[in-house]
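Consider the two complexes below, in which chain A is the common component and chain B and chain C are the respective partners.
And then the complex of A and B:
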């Protein structure tokens, strides 16, 4: 176990030490203490490291993550795991806006609630939220899955492409071109597997599925009012 | 003998000229705004409205063919560990693979590499072809984040955060379905054939304070190696430049309203933003006021076509210029070849702005393999290289005539304006007077 106290080590030094392991097999787990809401903690990792942050983090924690497993024992600021490519990021508390923004791959787990625009512009990553999400979540989401065990705010899935959305609670309102869809056994089975991976205790049978009606994929005058 | 009937006198309306009538009737028929490529076609004050004051008795010229006039420029000296060294102050602007064919991107990269300058990716990410072809490649981070990944971020030579584009300040990118081929769709994680409309705001930051933190994140990911540019459309230039400097930009890229696009609403292209001419002066003055001129480098784009434009932009305070449409023209855009294909688009060489259709007759803005094959990358690269070389020779000629041993030594004092409007915008005197509208008479 390598422990780094951010009260004595600055973010630049921390990230450089983690980047120096890029391409490595990362045998030793890392423990980061004293984050105190600092920004850009453990960004741009590119090795199968295990990193645990003890406390709250600011903007962009785990940004562009590849391969690493990063756990934040606390809350996270905006842009958590933005554009992540692979690996796993877990936050035991809540996450601010734009969590998992444009994530191309990997698994983001938020055990608490997520604010607005969770999973915005999602491009293939999976985001599982134990609580609720704010407005405009999964805006323009292209691929991947957003799973919400609680409720979703207004504008869910606005202008969505091919991402899949699952919500167990209520949806305050769907965005443009987002509709409820059938849940097949296959959907339910894959959802159950994702919940298992995320270690979130929820019944896959309780979720409703939402996705694109695909009516706005091409310009048509009769759809002008939808925007 | 009967009188010959006189030909009727036709009187065109200034308010409803034929093109306006045609557009109203097109809108009435189709119910949708016009989407097109290229840049603004309306007349706005430009660098053509300025003249350089060559040397005479009060200034010494340099010998045109004997004395050096250097053209190199260094970008990203503020924070980046590895600033970019360019041999010429003319770069190739961001244009996506998708909007352009792979052959066009490759040709631009080859030409830029030969000339010692940079090219730029676009909405949709980086292709291996352009990385290989471009010795110096600037990687755009756009609101859409299509294809964005940390590996390409690290293999880029600089990063350009795109806030806006001169052709559509406040608007997102657009790529109509005919150009969303399987490869383009795959790079952008989109269904093939859809009319792709990108977001106009970044998904994970809003406003200048967030941008400060975003820039630091990108620096952290790339270990502070890469220069970070901030590209903005020219609108509220003074405030935007102040905020970009405060946010930590190494380089500001400012795109005037004449800047081109692959596809955008015509109303956007023609009616939003300010021309490049006033934008460059306001930006340079703002950097001066902040004590950051030449510390944060300024690249201007939007309607730059010639060495004269380059010299004038640099005289007004830019460190470099960027070209987009002009480079495409050098590739063959609007060249009178394949006339029947222009006609099929309802246009003609010299007038074509139909990049959005994907049916580019000369293979520049297309994803159709048959059309793309009309652009042979090496021959096309040679044309772009020739054009860039000519621009630089022209600019050097003008700078030497003004007595400058380096292009960056050109200054506003070397300029006068032909019109009161240009004088006011460029803040240089009207030719033959000492009058700068808005500033009063100079000494």
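And then the complex of A and C:
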């Protein structure tokens, strides 16, 4: 166990030490204490490290994560796990706006609530939220899944492409071109498997599925000739 | 980008620590707003019938004694004077209209930054760390305070353009964001007889709240209507005589975090400003919802 106290070590030094392990195949556990809302903690990791942050983090924590397993025992500020490629990021508290934005792969688990714009422009990653999400979540999401065990704010899935959205609670309003869709047995079993992976205790049978109606301009073949 | 913070103490016994807790809150937001800094602090209320004014003159050597003496002669009775850098707090037995008229006539270069019983507003161009140091915020006491660090986007970097802006007696506003319709709204408010010290967009928001409340709206009603009448992005913190209020616009892209314990309520653009407060790590912490008024007061 390597412990780093951010009251004595600056973020650049911490991240450099973690980047020096890129390509490392050992799962050396790291423990980071004293985050006190600092920005950019554990960003750009590229090794199967296990990193636990004890306390609340600021902006952009665990951004661009690849392979690493990062847990925040606390709340997270804006831009949590943005552009994640693979690995797992878990926050035991709440997350601010833009959590999991643009994630290409990997799994983001927020045990509490996520704020607005959760999973915007999702590109293939999976985001599981134990609580509720704010407005404009999954805006222009292209691929991957956003699973919300609580409620979703207004504008859910606005201008969505092929991502799948699952909400167990109420949806305050769907965004443009986002509609409710049937849930097949296949969807149900894949969702149950994702909830199991995320270690979130929820009944896969309780979720409704939402996705693209594919009626916006870019979905019409008639417009292909314009290019 | 700007940084805003607010701290409200729930217990009178904590009042001696207000400045000590506030200063690091302000300094932590310095990199969100390195242009200028300001703060409003509520303490030591003037006796009934008396008026507390905070005045500003750009010259640090300005003769405040002469101002106090002139006011004392005009409005018979004791005049209390406390000078802090370029600001002076004066407590007099006069109405607001009388005091404003006298100051306009005798020292037109002096600006009034706050009017009320308990409020004092100080603001200054320069690094927030330096402003905090020169005003020795850590030694200040009081029931609650708001502070602002500014990175200007809509108007010039001067002390006059800095926050907080007075929005009436014992009221003030700090703003993170930018308003798009401030020119039109300023003209409308000017037609109602309001005057503005600068071309700053946040001053218009402050003037708007003042105007709505002068029409009879409560602070909460004025804030609710600002959601319809202000076009732009904002997280506001509003200081009141007994507490403070927080409001974000419906889009809510400007950050805000609230934290509460048995001892205090804190608001900040980022958790970094709250982390040092005693009990912060176990406080109830949440992000204020869009278009929702949050308010605290001791009464």
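The rule is simple: the second predicted complex is superposed on the first by the 215 of 227 C-alpha atoms of A that agree within 3 Å, B and C clash if a C-alpha of one lies under 4 Å from a C-alpha of the other, contacts with A are read in each partner's own complex, and residues count from 1 in each chain.
Definition applied: a contact is a pair of C-beta atoms (placed from the backbone, for glycine too) under 8 Å apart; a residue touches a chain by one contact, two chains touch by 3 or more.
Note that the structure is a prediction, hence the values are computed from the model and not measured.
After overlaying the two complexes on the shared chain, residue contacts for A:135 are found with chain C alone; chain B is out of touch.
In the superposition on chain A, contact of A:116 is made with chain C only, not with chain B. By the touch criterion defined above, A:38 reaches chain C but does not reach chain B. Applying the stated contact rule after C-alpha superposition, one finds that A:48 touches neither chain B nor chain C. When the two complexes are overlaid on their common chain A, residue A:78 makes contact with chain B and with chain C alike. Legend: residue contacts after superposition of the two complexes on their common chain; A:56 is shown touching chain C, with no touch to chain B. Contact with chain B, but none with chain C, is seen for A:64 once the two complexes are overlaid on the shared chain.
In the superposition on chain A, contact of A:96 is made with chain C only, not with chain B.
Counted by residues of chain A touched, the larger count belongs to B, out of chain B and chain C.
Overlaid on A, the two complexes show chain B and chain C touching the same residues of chain A, namely 58-59, 78. Listing the residues of chain C that touch chain A in their complex gives 252-253, 255, 257, 270-276, 281, 285-287, 289-290. If you check the complex, the residues on chain A that touch chain B are 11-12, 15-16, 19, 39-40, 43-44, 46, 58-60, 63-64, 66, 78-79, 82-83, 85, 98, 101-102, 104, 117, 120-121, 123-124, 139-140, 142-143, 161-162, 217-219, 221, 224.
By the touch criterion stated above, chain B contacts chain A in their complex at residues 30-32, 35, 144-145, 148-150, 153, 176-177, 188-191, 193-195, 199, 203-205, 210, 213-214, 216-217, 220-224.
The part of chain A that touches chain C in the complex is made up of residues 36-38, 55-56, 58-59, 74-75, 77-78, 93-94, 96-97, 115-116, 134-135.
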